[in-house]
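Consider the two complexes below, in which chain A is the common component and chain B and chain C are the respective partners.
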Partner chain A sequence: MATTRILEWLGRCYIVLLLGFLYLPIIIMALMSFNASPFYQLPLEWTTDWYASLWQNDQLIAATWNSIEIAVITTVIATVLGSAASLALYRCDFPGKKVLQALLFPPIAIPWLITGTAMLIFFFGIGIGRGLVAILLGHVALALPYVLVVVSARLQTFAPELEEAARSLGANQWQVTNRVTLPWIMPGVIAGGLFAFAVSFDQFVVSYFLSTPGQTTLPVEIYAAIRKGFTPEINAVSTIIIVVSMALMLLTARFFKFGGEK
Partner chain B sequence: MADQHAIGSRRGLKPALPLLLPAYLWLTVAIFLPLSAMVFFSFMTDLPLAGREWAFTLDNYAAFFSQSLYLTLLLASLRLGLEVTLWCVVIGYPAAYVLAKVLKGRSREAIFLLVILPFWSNGLVRIFSWAMVLREGGILDTALNAVLPFKINIDLMYSYPAVIIGLVHSYVPYMVLTCYLTLQAIDDSLIEAGRSLGASRRQVLWRVIIPLSMPGLIAGAALIFVPVVGSFMEPRILGGRTGTFYGTVIEDQFVAVFNWPLGAALSFILLAVVLVILAVASPMLKRAA
Partner chain C sequence: MAGVQVANVSRSFGAHRALDNVSIDFADGGFYALLGPSGSGKTTLLRQIAGFDFPDTGRIAIGGESVERVPVEKRRIGMVFQNYALFPNMSVADNVAFGLSVRGEPKASIAAEVQRALDLVQLGKLGGRRPHQLSGGQRQRVALARAIVTKPRVLLLDEPLGALDKALRVDMQIELKRIQREIGITTIFVTHDQEEALTMSDRIGILRDGRLVQEGPPEEIYDRPQSEFAATFLGDANIFRGDATGNGIRLPDGTTIAAASGPSLAAGARASCAVRPERIQISTGAAKPDADNANTLKGQVSKRIFAGNNSTYFVDRDGQTLKVIVQNTGAERLAEGQPVVLSWSPDSTVLIAAG
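Up next, the complex of A and B:
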């Protein structure tokens, strides 16, 4: 049918437009980070000076290291605790299990502004105060539900008979987990870990309320710089961040299908 | 979630406890206790820190109801959330439809990934990237003036539309994702059956496709509306002076004015609003999951 063809063609064009809307600002920002004019004047004169001057900016570099450290530690803790909890939720039945599963949604669904300010008040009240420890505590809590959801999704594809079989062949609980269950859910665990890294590395709101001068993360430092005024240096560091986080998500997509099967 | 197939091979909480406890203890310390503490603090005159005087009070809530500013800003934030959600439906739903029903195979997979990829990159940086586009003498300005025969000045930066554009850009992938999941699950033969029984394309769309994908629409709307109502960084960067919303006022209480109890009360009121919205949407959310 001719009309069907035309409609499908229009649909494809629409998707291209949407992709343009989604990627245009990012591409422009990336281009401007290579523009010699600090006032973003066109035509573009190629330079890598702004990237070079990033290396001189000790504050940004310190914040970057903090971000990476916190993201790595968050990944390790959230992946281990989250995988363990999802195994327990999968294997065991007990009253209140549904409640425990429902409790995973508040950290995802409540705006970070509320969670962040609540953490600030509580951590101040119990004496932890602000700083990297507080940020780490917060990041792990935000990442945990993602790990649990992703690993649980992978466990759905696991046949419990495999555990039964291993057990009846004489394997003890540790061997069953280690040799049968873990290897099967590994793609889910890796995807969960990558999610945790991304949640922490990109987190701004919660870090913002929990940071102090000197103990901040990269996004908080960038926010402060943006509010002082635009500089091409921010473009450069933003471009690096966006490339890193997109690369991370592409890697995650190899282990976890976002659109379900098929 | 895990409950459909879980053949609880073992009964009881005991074997599960050592595996569950660390994760839930962490969530308690870093999420649930802080939220309870916030409620508690919102009824205080000052923070009970080293030697400061404090007492229980309802003043912080009285401030919300007696000064029309807070209510006005909350309404402004709710309106912002509504507008952004509507734009996301208008822009995202057709895209989800094309992805689910027109594109096939590898190109569908690749484009789907491309659409949701920005969503998982840094939100702050993406909002900032719009500043390059929207400012006077920015790309949009230069490009339009190069094409159009007459001179126009595009300076959307620091305006309400700029905030809307930035937020829609941030959240539209959510709508595409949730609608795609429900649209993909609609059996093509239902659509064909409708057509062969004489329904027009429009009738099929309104009577078959949209009702069946409603859970995805509702889920997407809730997932967009809630964070937008609590947004503060986006209005600050793109809205400038016009970017004062409920979220920015809460931010101010914590980082500029240092009236934490008032900030806690304002946060808790926002939380209550959010919970009501989620409660209304949750039956739909469950069906979509």
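Up next, the complex of A and C:
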């Protein structure tokens, strides 16, 4: 009896420590975004000035919109292409399939610094150069393998007889995919889309290589701002982003029970 | 509704010949069992008829129309899969409606037809449930309703009762047979369960290594098997091997066994005789065997298995163990180790050419 109680207590401590480790820095940052002192002096003096001045910072706002735009477009393109590719790899046998499948995953492990350099050289070589288009193309390439991995994992749990049953009932390929296969892999597609969004929205290294001073994304802009001198405006914009992205994640988790539904 | 003709169909996967020149005629409205051990090609044959896979050579016709290159979705067949393959994201009613809905039928008529199909399988009230809320037997019925609601030309069943427990299996056998009679659809049924094949079908096709071994009504295959394989795969049989004598065989020790049916074989050719265990009379030797039991052998009981309504005796005789099934009539039971006389009629003996 006593041992179980101690174990339970240790378990609770572990959870508290874990959550603290994950969230304390974020909470401190959020608190400081409401602190009047730009040098983090305590006690905390409540203010929303930093949010107000953020509103005036056109460069930061432009970069934020760039980031959101690129992340959304990347999510759409990478999710559609990645899901379609998973389906093709699942259904079709073609020469070189094993090689292709093997080649699709290593990009996840290649350091972004190297990928970024390679992309920069490549985009200059073919005349795209730097800028938002280059960033978008780069992000799609980075996000694709993540979608593939997640959707393929979901497809592994799909019973191929379901497609056969649908065909035996007269459904054509489009109807089979649309009404039987897609509903099954949808949680994987959503999860893959979230990964794609995160990969793009968080992306610093590759974006840094491919951006130009006027055309940049939020992480790159934040980095540039910190180098010029840190202002609590950064805390403010970060807090907004964290609140929005956590809300998005919680909503998706609520509506699509990942892996939980049979 | 339509009959199905399979003519000279062969199909290889790499070096493996899954179907080797198979021809069967499935008459309109019949209930057929394709019976064979795993790897015999029975499922491959069913998938050829369904259209999931195409034959390398040969012809398949449904209702007189050649379909061997028509894909499954255009063949108008109904299929029930071993693990039911119900769509997990749809309700029972939507599962059954699927085939009608992909054909673009109007919603109102779909609802009526779905209800009729669910009533037919006695699940009229469960349309709103999800597949995972149903028992195995209920899922089986939904799969059946889904397969027949589109009025297919032929119903294909791939070991449909394999996942059910024994009591439910027997219920479903009766149920399946009733529904098949009610709608009169040509039904082809793959099974490895010989009892299921015997009790349910009008005709049985036995497959082995991609070849059709024998085809015919259950009684005919059981009473007159044409090969040792057919004799032992469909029911139990005692097999004696020897040389043909003209009306039976001579065993290596000189004993002759007379057989009333079978092919006529040249004397001296290698041949076998098959006798069903329930056709053999077993006695202590004191009693005289029945007059027409011309075949007699002496042996010794090595084992007796009591099964309530009958007993199975294993009798050792010249290095061979024979099986005899005796109905429980209240007569004296024989002890293990007891010398016995086995006798049976040539009418119960089938001559088989050595394969």
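Keep in mind that, in the parts below, the second predicted complex is superposed on the first by the 226 of 262 C-alpha atoms of A that agree within 3 Å, B and C clash if a C-alpha of one lies under 4 Å from a C-alpha of the other, contacts with A are read in each partner's own complex, and residues count from 1 in each chain.
Keep this in mind: a residue touches a chain if its C-beta (ideal position, glycine included) is under 8 Å from a C-beta of that chain, and two chains touch if they have at least 3 such contacts.
Computed from a prediction, not measured in an experiment: that's the story for all the values here.
Of the two partners chain B and chain C, it is B that touches the larger number of chain A residues. Contacts of A:51 after superposition: neither chain B nor chain C is touched. In the superposed pair of complexes, A:165 makes contact with chain C only, with no contact to chain B. The interface of chain A with chain B overlaps its interface with chain C at residues 164, 262. Interface residues of chain B facing chain A in the complex, by the touch rule stated above, are 1-13, 15-17, 19-20, 22-24, 26-27, 29-35, 37-38, 41, 47-49, 91, 94-95, 97-99, 102-103, 109, 111-118, 120-126, 128-133, 135, 137-139, 142, 169, 172-173, 177, 180-181, 184, 223, 226-227, 229-233, 236-237, 247, 250-251, 254-255, 260, 263-264, 267, 270-271, 274, 278. Contact residues of chain C toward chain A in the complex are 50, 52, 71-74, 76-79, 81, 83, 85-89, 98-99, 102-103, 132, 146-147, 150. Against chain C, in their complex, chain A makes its touches with residues 159, 161-162, 164-172, 175, 179-180, 183-184, 262.
Contact residues of chain A toward chain B in the complex are 8, 11-12, 14-15, 18-19, 21-26, 28-29, 32, 39-42, 77, 81-82, 84-98, 100-101, 103-104, 106-107, 109-115, 117-125, 137-138, 140-141, 144-145, 148-149, 152, 155-156, 160, 163-164, 198, 201-202, 204-205, 208-209, 219, 222-223, 226-227, 230, 234-235, 238, 241-242, 245-246, 248-250, 252-253, 258-260, 262.
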